[in-house]
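After this come two complexes, each holding subunit A, first together with subunit B and then together with subunit C.
Then we have the complex of A and B:
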């Protein structure tokens, strides 16, 4: 009886599985296929080759990869530090005011990321809102604040703020207040409560938030292009160059595949460590 | 929607098919549709609407690409079924699109009369609008522009920039005072010029080493890199930089038309490309080798060369550019003083004389690797 039910489940899921396979998996498989084609071909009908991966190591592509991962890591840590107190307030203290904050943060997502980043460009460029005002008030000549590495990390932190905040709120709200009170009654210090109760119990939210921001930031390009003036070249930029100006689809595919494997591997590893059902509220 | 015109056409077609005994299920031409893949400008309603009015009932659609390779990728990925016209810069049609069967020849007899309306350098007809044998017409020319670099003439005089050419960017005083506009295919050409190499000839190892040094020097001294010409002009106007590598009338014109006439495209007086230091791009619009072609494609190419349409193509939103059709007085008279100033009409002739055609870069693959490695190491 149970086996029939299982089969029914599979059958009902089949249309969605086929749809997902066609629109989600198929393009990834094409990319994976091209990654093993010789450089500069436009069809998959060639003998497989590892040439693109040799190029990856020979021509220093590990540098943009490490930069992308490094900046994504830095932005993730910064976001955690910035979002945690706010998320704690939203989950435990602010009450109905949390809704106002939620709406305010979500509203920023209604405007395209590029336009919001242009807003930052106008704010930070030479003679822009911030340096321009400072110049007018102090009389000192101010340079623009754009076109360097820290500004790219700032851009990433800004762009992916909601993706860290909301999972954190969800995670922190899962920490029972009684437990914290009990620990306090038994003489635990604030730090100890934070380290041994808050952090471990909010971990699913922390992992999901960190994962979302890290994965998005590792593939981000707009921040480095618009704010950073490409002070450093990121991996997504190299992938775009290979596909367009380089007219080298196999190299672009290989670079994309390497990024997907690293980020995907991290995601699977992280997700295997937490109880996703818990954060989704399906714990029975 | 079926209107009276297409209905009549359809019934006439049916009658003819019946008389000739052609099976009626044979494929009809897509006379009610035209899809154009182009650089920005051709896709505006200003340019398209008059053509739509001439062909009521036809669905005329144009989509702009962000680079030549982007658009060519679409055809290579099988979209020859979708597009009827493709508008890219001059080296691609003759060297890649036509040999690969992605575009097809035009009816030379129909377009020959238009050659008379073109500026003298395009009247020949223009060699890169023909196939390699020189027999087939594979595209029509319209927008063009010298492309080398751009300076703020308030900081660097035009005469000095033209004399120094690309060496300007190697001056230690220029460190962190210029930007690199990352139109990569252009930068590779101009970095060859920085290294005194002719980009359109095959290069050897010592020459690659010189290119490497030049690329590293240019990237190393740049304050910013961007592929956004508005951001670059803004940095030039607000004093963040004094010049940018590479650029020309295409990139300087929006700022100039906005009253910032200190932003000026510069064509060096001399250089290593057969004695020339500038490079000129010319857009070639070709008929895509669509298996189910639209007869409107060729009509559009004729329409767009008329005086009104030519002016609109030159001055639509985005960037402003001279058009080859300015060889006709009817077209030239449509431009006012500010518009001519925006496209640097005053120096266009001499700049064209100092510019080589944008061609396929013989050693592009190797140079592209060196270029990208230098950019990566920045």
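Then we have the complex of A and C:
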């Protein structure tokens, strides 16, 4: 019986495997191959070279990389702090009201991210809704609030809010109430309950949420483009530039590969520490 | 009770919206006793233990611990501890870490914590090697012991139990009941146990409190409650019972209202025209041989016989349409066939009169 089920599993996974192989894995392999080609070539029939990686270090590409990772990290931490109390409420306190919150948060995803970010631009630009009103009320001249690093972090926080919130809700609802009560009954303070019971037991949700937001934010471009203008260049910008204006596929591929390896390494490290089956509800 | 009151409830009421879960409960729990609160589901016993443990506060009334008012003191400030129905062991911690949790909070150093944990493992007959084992790797019975050890590590003045044995199979439950009883004697602590199982209550406790619809109907030893229940609910809750509605006819004489009861010369303390319920446990009803006498007798027809192992139970149809339950030890089995006409009798000394308002 088991063998038939195994075969059925493989067969039903086959269409997805083929699709993923063709449109996900193959391009990735091409990118990985180009990363080791000499600069500015357009096919893979050259001798491998590490020239692109030398350029990465020599021409200061580590700055946008660190900027991307730093902003993604900041947005992730900010999101965790913002979402945890709300997620706790949704999982344990609000009852049916949490459905309303879920719908409200999901509804924001119905509008494309770019359009929502343009809304931010209209609100925050010089003479825009916020600075414009402040100017009118105070009579002081106001600059726009755009084109700096913190506003991009806020933009990332805004864009990836659901990706942190829902895994956290899931993670927190996995912590049985009895454990909290028992810890309290044994004399534990709220802080201790949070640190020793809630945090470790909700960790699968916390890791999944943090990973999703960090990975998405590290590769994000729209926020830095729209809210940062030309003032803040992130890794994704550099990759795009290398592939398009720069006409340097190998450099773009090398930059992409570095970002993929760093983010992918983090993801694997984090996922190896948690029990994914737990959060998927398959724990026996 | 000769010993001192350790926990006292005074008119404790708990309402959830318009629903009254606990209705003006007054109860004294004596120091060192094993009290079991028994009631069907929905009787308010879970609400009660939550209030006692400090996980909820009463709507009105007061709770005193050793004379100090603790009504609104939260659970983590009370010197009491509860063993949960789910046990609530910390799944991400080892047996040792679970047991040491309350000790760590108290700031004991590592060596002292470990020493105490080892003592408790021994007290609960768990191998010392379990110290580093994950709690999720333990069996159901072992987890019970770990939960108990953790509660005892807290060194509470009172230990509360919220039906911790209900999820176990029969044999293990029986073993743990005995162990709990022994543990109570060994530690000398006050145990307050909540259960819906009367059997559990009778097996373990010094005293039983019976709850129904948010009230304590009766408290007493198992024998007291079994033999002299205050009302029909308690009588029926405490096992098989035969109840006869009776009416006084003057001079202590009486008549059966549902079926003819042939009363002999014995009398009841019942005024003329007063109504009450006469209770007889099945083991006190006899099959009368021709010419044999009893204080009270009645006719019936043998309907059914159930072998219960050590006992045999008979169902006897009465003229009024009701049925009567008779129980005999298997060795004293009554030899009869279905449909046989039988005469039953019991003595008033073995009966109890329930007067309800």
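The rule we apply is simple: the second predicted complex is superposed on the first by the 267 of 284 C-alpha atoms of A that agree within 3 Å, B and C clash if a C-alpha of one lies under 4 Å from a C-alpha of the other, contacts with A are read in each partner's own complex, and residues count from 1 in each chain.
Note that in this section a contact is a pair of C-beta atoms (placed from the backbone, for glycine too) under 8 Å apart; a residue touches a chain by one contact, two chains touch by 3 or more.
All of these numbers come straight from a predicted model, not from anything done at the bench.
Upon superposition of the two complexes on subunit A, no clash is found between subunit B and subunit C, which fit side by side.
Judged by the touch definition given at the top, the superposed model places A:200 against subunit C, while subunit B stays out of reach. Once chain A of one complex is fitted onto chain A of the other, the partner contacts of A:178 are limited to subunit C, with no touch recorded for subunit B. Once chain A of one complex is fitted onto chain A of the other, the partner contacts of A:238 are limited to subunit B, with no touch recorded for subunit C.
In the superposition on chain A, A:225 makes contact with subunit B only, not with subunit C. Once the two complexes are overlaid on the shared chain, A:127 sits against subunit B while remaining clear of subunit C. When the two structures are aligned on the shared chain, A:188 is found in touch with subunit C, with no touch to subunit B. By the touch criterion stated above, A:267 is placed in contact with neither subunit B nor subunit C. In the superposition on chain A, A:144 contacts subunit B only, with no contact to subunit C. Considering which of subunit B and subunit C touches more of subunit A, the answer is B.
For the overlaid pair of complexes, the smallest distance between C-alpha atoms of subunit B and those of subunit C rounds to 46 Å.
Within subunit A, no residue touches subunit B in one complex and subunit C in the other.
By the touch criterion given at the top, residues 176, 178-179, 181-189, 192, 196-197, 200-201 of subunit A touch subunit C in their complex.
On the side of subunit A, the complex with subunit B involves touching residues 40, 42, 59-61, 63-64, 121, 125-128, 143-144, 146-147, 225-226, 229-233, 238, 241, 243-247. Here subunit C touches subunit A in the complex through residues 53-55, 74-76, 78, 80-82, 84, 86, 88, 90-92, 101-102, 105-106, 150-151, 154, going by the rule given at the top.
Residues 67, 69-70, 72-73, 76-77, 179, 182, 184-185, 223-228, 231, 234-235, 238-240, 365, 368-369, 372-373, 375-378 of subunit B touch subunit A in their complex.
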